[in-house]
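Each of the next two complexes has chain A plus one more chain, namely chain B in the first and chain C in the second.
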Partner chain A sequence: MTAQEVRLCGLLLQEHFGNVVEKVGTHLIRSGVLTLRALAHETKLPLDLVKKSLCVLVQHGMCTFGAGRRGPAGPVEYRINCERVFHMLRYPRYIYTAKSLYGDTGELIVEEILQRGQMTMSSTVKTVADRLTHNMPEGQSMDYSEVVSAFSQLVETHFLQRCPLASAGSSSSGAVDTPLPVATQNFLVINSYDIYSTLSQGKRRRSSEDGEADQCAAKKARTDDSECGDDRIYWQVNFQRFHLHFRDQAIISAVSCKLDQSSSEIVRTMLRMSEVTTPAHAAFTQALSANEIFRALLSSYNIARPILDQYLSLLVDDPMEFVGKTGDSGGGMYVVNLHRALANLARATLESVVQERFGSRSARIFRLLLRKRHLEQKQVEDFAMIPAKEAKDMLYKLLSENLVQLQEIPKTPDYAPSRTFYLYTVNQLPTARLLLQHSYKTVGNLMERRLYETKENKRLLEKSQRIEAILASLQATGAEAAQLTEVEEMITVPERQQLESLRHHINKLDSSENQVDETIFLLKSYINSTQASR
Partner chain B sequence: MTEVKVKKESTDPVDIENRIKELCLQFPHGITDQVIQNDMPHVEVQQRAMAINRLLSVGQLDLLKNSNGLLYRLKDAQSASKVKGSDNQEKLVYQIIEDAGNKGIWTRDIRYKSNLPLTEINKILKNLESKKLIKAVKSVAASKKKVYMLYNLQPDRSVTGGAWYSDQDFESEFVEVLNQQCFKFLQSKAEAARDSKQSPMVQRNSSLATSHEVWKYICELGISKVDLSMEDIETILNTLIFDGKVEMTIIAAKEGTVGSVDGQMKLYRGVNPIIQPTGLVKTPCGLCPVFDDCHEGCEISPSNCVYMAEWLDF
Partner chain C sequence: MAGSRGRGRSQFSFSVDALGFGRGDSLPSSAHTPSPLFPPMQFRPVPLHTGEEVDYMLALKQELRASSKNLPFHIKAARTKTDVAHYSDKYQNGETKNNCIEWSPDWSRMPKELCIKVRKPRKTGAKPQLTRKPKVAAGKEEVLQKLETLEKREEEQHSEEEEDEEKKKQNEEEPDADEDYDEEDLEDETDYIMSYFDNGEDFGADSDDNMDEAVY
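The block that comes next holds the complex of A and B.
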């Protein structure tokens, strides 16, 4: 765990869960693995607070527990999964994706589950239906079945998954292996047994088919879980699936930028067909034959068969190698080169960082070194067609920022400088790691600035909140217009302007956090894919 | 016995020399000692050697060495007359410089090859320069170094730097202009291909341009005072590849099609970048020069960052 990662985790935990959880979490990250007693002792917090924070973290899947170093008989040890904490940065993106795929219902479902960590289906459906009904005009209400269908769609496409049953004494790792086919089966079983088989609407009493109706009605005030019969079946968001979706989106947009719209549609079809069959960190998708692709293409694209063949051969011939051909049966077997595409995207990210930071000529040198691997200084000047003095200056600047490395090849056993070759080189993987750490630090900086801005203007924010509360209460009791304007004028114009600019600042910082998160996602996928393929 | 004597006396040194010269004319590539011996078997080694030495000193014969041994070649009359009037040392230095061809040779290398002291060399070089037989050319690689070559030779590209250097200065604006022109040509070709709305294969092939086409276009534009060869244009196109704006493919072409080199042709195509500028550089931290010094609580921190303040008010 690098210092920047620990700092970012601390900031995220504080923002979402508060100071106590942040203290416990940061300490646990720094120490690695700890027992409950040790944790309470070292953070000097009361035991029950520590217990509650750990509960919160476990609920969200960020903390895992298992048998410790002393074996099953010894105390349980806890560890934090940092990756899971970083996913909190990406929550807006997940919610937006769910909205674009499944509409408002999907969006609210994902939002609820992200907020609570794990939820049963019944409670999710109820909450979402209530929320939607609340926003609808009077007289209408949200049908439970719509929400249920949205939920089941999310499960079928693997965006939601079942949490594994944590049995006592077994060590469950933080990563949830995907019991996906099992989950779908069980879900269907539950669904038919569930009360939602009958028509139900928001905020109404429900009737169930089996004889538990009276008991359910009686317990209704208390818990929802037990009455619904899907007790202990919790659902959580399948982050990996969302990440695969983001990765596919990145590849498709890259293809459409490089080639054209139709090629990107073909790649989109290919990726959609191999969504559920390709394992997570595979370097290639499953091989698809041209016949299958043609059948799967939506008719709205209007691509004829020979044209499709031409597009496929163009994709294969492209130097970026997004698509590869693995055989000739069935009209040609094609795969999408996932690892190669991620490497190209990461490389484009590195190049764009160098370009924006140091100028286009330095970017030329950087790309030249990426292509030609090892070059002497004189060769760099010749290939890049940059005058010697400027080329030297740029190379040294890149070297000082660690984006470019120097490789010494001696001619004699003593490394005499006059008799050694000095070659410049760029290694893509370590440079990607370096930029990833920079990105973590940047996000931390942005969050701290946001907290600072909020703190500076705390007085003003509180005042505006009080005024709004007064206004709301006055409106509820039906005050006159004159009273309302009087209350509104309590905020002066400069204060209003200040509030406006504060809002603008905070929005800007928020959106830039999301943008940096995109960079983090690309670099992290590339690094994971490279490590998996090693 | 007397006959033998007569024969011996009749081999006059001049005759030997003339005979050798005739032999050289017969074999323009040069003759070895063996050939002279075969032709005049009655001539003794000493006389032969003397004749050859005389011809060499007068400057009518050239001594060359190849893998088999020594070769003698007739020097043409013009160059023979040039060095008349110079002494042996000068002739030696002149010969060394001539051998260096159009790459030129440095004073230190002349010294090594001729084993003459430095002062002598300098005197001889000044002499030859005043006679307009050699000239000094400044090398572009090391600006203090001077290389010497024959007066009427064109300096080689490696010394002057070729088309991109004028008077030892790298012409960056010229290169930039060429860069942009080539890119515009390729980009317009790609756009024309895209707008033509034909089948994708045809579209792609029509957006490709061979290096020959680009070369012709640049020549016709007439922005270059110097004649540019196809290799020059290819180096410019390579810089465009390193800018990420152009990609290249090599195809096999029939020998004889215009623009093909060794049975291959290079094709270039303008491309778009595959991603937008990444999120990290849209924030001030991505471009900050003091990024590594920034920590919370220090003088430079996110809370009091001037770059962020400016960026937020934008």
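The block that comes next holds the complex of A and C.
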């Protein structure tokens, strides 16, 4: 774990779970694997607090435990899963995706499960239905079956998965260590028994509450019921599936930017058809024939068969190589080149970063070096058509930022400078890693600045919260306008301006975090794809 | 090699002019300080994305941040006992204690060593209260002491129960500013709003060094 990653993990844990969990978490990340006693001793926290923190982390899937070095007889060892902590940065994106795919019900289901780590289906359905009913106008209530159907849809499309089974013992928890992809097949199946039992319970309870108008009384009755039958079956969010969805979205938007809307619709259809058949780390989707694609195209796109063929050949000829042709049967067999698309997207990100930080001429040099691999200084000046002095300046600046590397090729065994070629080069993968670390540092800086701004204006924020509370309670008890204005005036005009600018700054910082996270996602997917193919 | 050192002595593979300084000149002085903390930027950054999607995700992020503070997963260390016993301690029993956990995890999925006492939830608090009331009614002839102890226990559970009720409300509803106000009033049975109560710990803590005026 790099220093920036540890810092970011610490900030994320602190934001969501407080200082105690942050201390425990960062110490565990730095040390790698620790037992409970060692952890308590080294962090100098009371043992109970450490236990509570570990419970929270295990509940959310951020900490795994297993038999230690001494085997099953020895103490249990704990390890933090850093990637899972970074996913916390992306929660709004997951929830928004669920909303766009499955509506408000799906959004609330995913939000509940994300906030609580893992939940049983019955408790999720209960909570979500209650929340929806609460937001509905008086007299209406949310039917459990709708929530159940949204839940099952999420499971069927693999956005939710079952948690791996944990054995009853503490140290013999080998089942927990099994990597998820191997056993994922079992965890994505929802038993019809689960759905039936939850549904029937829901129906029974609803009929008994039809007579009760009071919401609180209804809640009390529900909590008194015994468990639902799916007591030991927990569900969690399947982050990998969301990431595949984001990757597909990125490819489709890139195609629509580079070519046009219709070609992006064709690529969207191709990706949709191969959603469930393509394994997670595949380099290409399954081959699809042009006939199949034509049949699967929605009629709203209005693309005729010969036009489809033209678009496909256009996509294949495009230098970005999103789509490739693998055969001629069935009107032509086409695949989407996933890994190559990711590499191209990462390359575009790198080029854009250089362009925005150093100017378009430096970006030209950078692109040149990416294409031509190794160039001498003189050749760089010639190919980029930039005067020698400026080219030298830009090259050295890029070199000092580590975006460009120098490769020495000696003519003689002693690396005498007069008899060595010095070639400039750019390696895409190491540069992507470098930018990823920069992005982690950026998000860390943004979060720290936001915390600083909040701390600086804490007094003002508390005052405004108190005044809002007073106003709300006055309005609830039906006060007159004069009293309300009097209370409102307790915040002076300069304070109001300060509050406004504070809100503006915090919104900007939050928005920036979301945007940097998109870059993090792209670069991380690219790096993972190169590792998978090895 | 020694042999070829005489021939073509000062021929480099790149032209010396391109380096930016001539032969015999001293190298430019190296910097002795670390690079500045906020280096000046050559170009202004590109403005952020805008749009409905961006705004919605921003609102989601801020909501999640606010609501996660109220969930039981947000662990706060219990306040260490100060030497002096305060009057307010009697009314602040409901604060978190280190040795109980506020939510009930599935202990079968966790290692046994992490097992910790679960804080009594609201429903079990309600039942004893119901059973106590008939007892109090029936035991009219009981000693006054028993009535007093029962009253005290009722008070504790009542405050505990109301806090759990608030925590549940906070979990299920969108957090809004009403909570602060309600919590302050309902936390205990006094008529006073808790935040107005001053422990008196800050009195005399400020330094008296620069006191030019008299103290009244």
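Note that in this section the second predicted complex is superposed on the first by the 475 of 534 C-alpha atoms of A that agree within 3 Å, B and C clash if a C-alpha of one lies under 4 Å from a C-alpha of the other, contacts with A are read in each partner's own complex, and residues count from 1 in each chain.
Assume contacts are C-beta pairs under 8 Å (C-beta built on N, C-alpha and C of every residue); 3 or more make two chains touch, one makes a residue touch a chain.
Bear in mind the structure is a predicted one, so any value in this text is a computation, not a measurement.
S.K.: Taking the superposition on A as described, I'd like to know which of chain B and chain C A:Met385 touches: first, second, both or neither.
M.R.: So A:Met385 only meets chain B here.
S.K.: Please indicate which partner A:Gln515 is in contact with in the superposed arrangement: first for chain B, second for chain C, both, or neither.
M.R.: Touch status of A:Gln515: both partners.
S.K.: Touch test for A:Asn344: chain B only (first), chain C only (second), both, or neither?
M.R.: First partner only.
S.K.: Once the structures are superposed on A, label A:Lys51 by its partner contacts, choosing first (chain B), second (chain C), both or neither.
M.R.: In the superposition, A:Lys51 touches chain C alone.
S.K.: Figure out whether A:Glu356 sits in contact with chain B (first) or chain C (second), or with both, or with neither.
M.R.: both
S.K.: With the two structures laid over each other on chain A, which partner does A:Thr442 touch: chain B (first), chain C (second), both, or neither?
M.R.: first
S.K.: After lining up the shared chain so the two structures overlap, which partner does A:Phe65 touch, if you call chain B first and chain C second: first, second, both or neither?
M.R.: second
S.K.: Decide which partner touches more residues of chain A, taking chain B and chain C as the two options.
M.R.: C
S.K.: Would you please give the residues of chain A that touch chain B in one complex and also touch chain C in the other complex?
M.R.: 356-357, 388, 508, 512, 514-515
S.K.: Can you name the residues of chain A that touch chain C in the complex?
M.R.: 15-21, 36, 45-46, 48-49, 51-56, 58-60, 65, 75-76, 91-93, 95-96, 111, 115-117, 127, 130-131, 134, 163, 166, 168-171, 173, 223-224, 232, 234, 356-359, 376-378, 388-389, 392, 411-412, 414, 417-422, 465-466, 468-470, 472-473, 507-508, 510-515
S.K.: Over in the complex, which chain C residues touch chain A? Could you list them?
M.R.: Interface residues on the chain C side: 1, 8, 10-15, 18, 20, 41-43, 45-46, 48-49, 53-54, 56-58, 60-62, 64-65, 67-68, 71, 73-77, 98-99, 101, 105-106, 108-114, 116, 123, 172-173, 176-178, 180-181.
S.K.: Touching residues of chain A toward chain B in the complex: what are they?
M.R.: Spelled out, the residues of chain A in touch with chain B are 250, 253-254, 257-258, 260, 262-263, 307, 310-311, 313-314, 317, 319-320, 344-345, 348-349, 351-353, 355-357, 360, 363-365, 367-368, 371, 383-388, 435, 438-439, 441-442, 444-446, 448-449, 452, 501, 504-505, 508-509, 512, 514-519, 522.
S.K.: Could you list, by residue number, the parts of chain B that touch chain A in their complex?
M.R.: 164, 170, 172, 175, 194, 199-201, 204, 235-236, 238-239, 241-244, 247, 249, 271-275, 277-283, 285-287, 291, 294, 296, 301-303, 305, 308, 311-313
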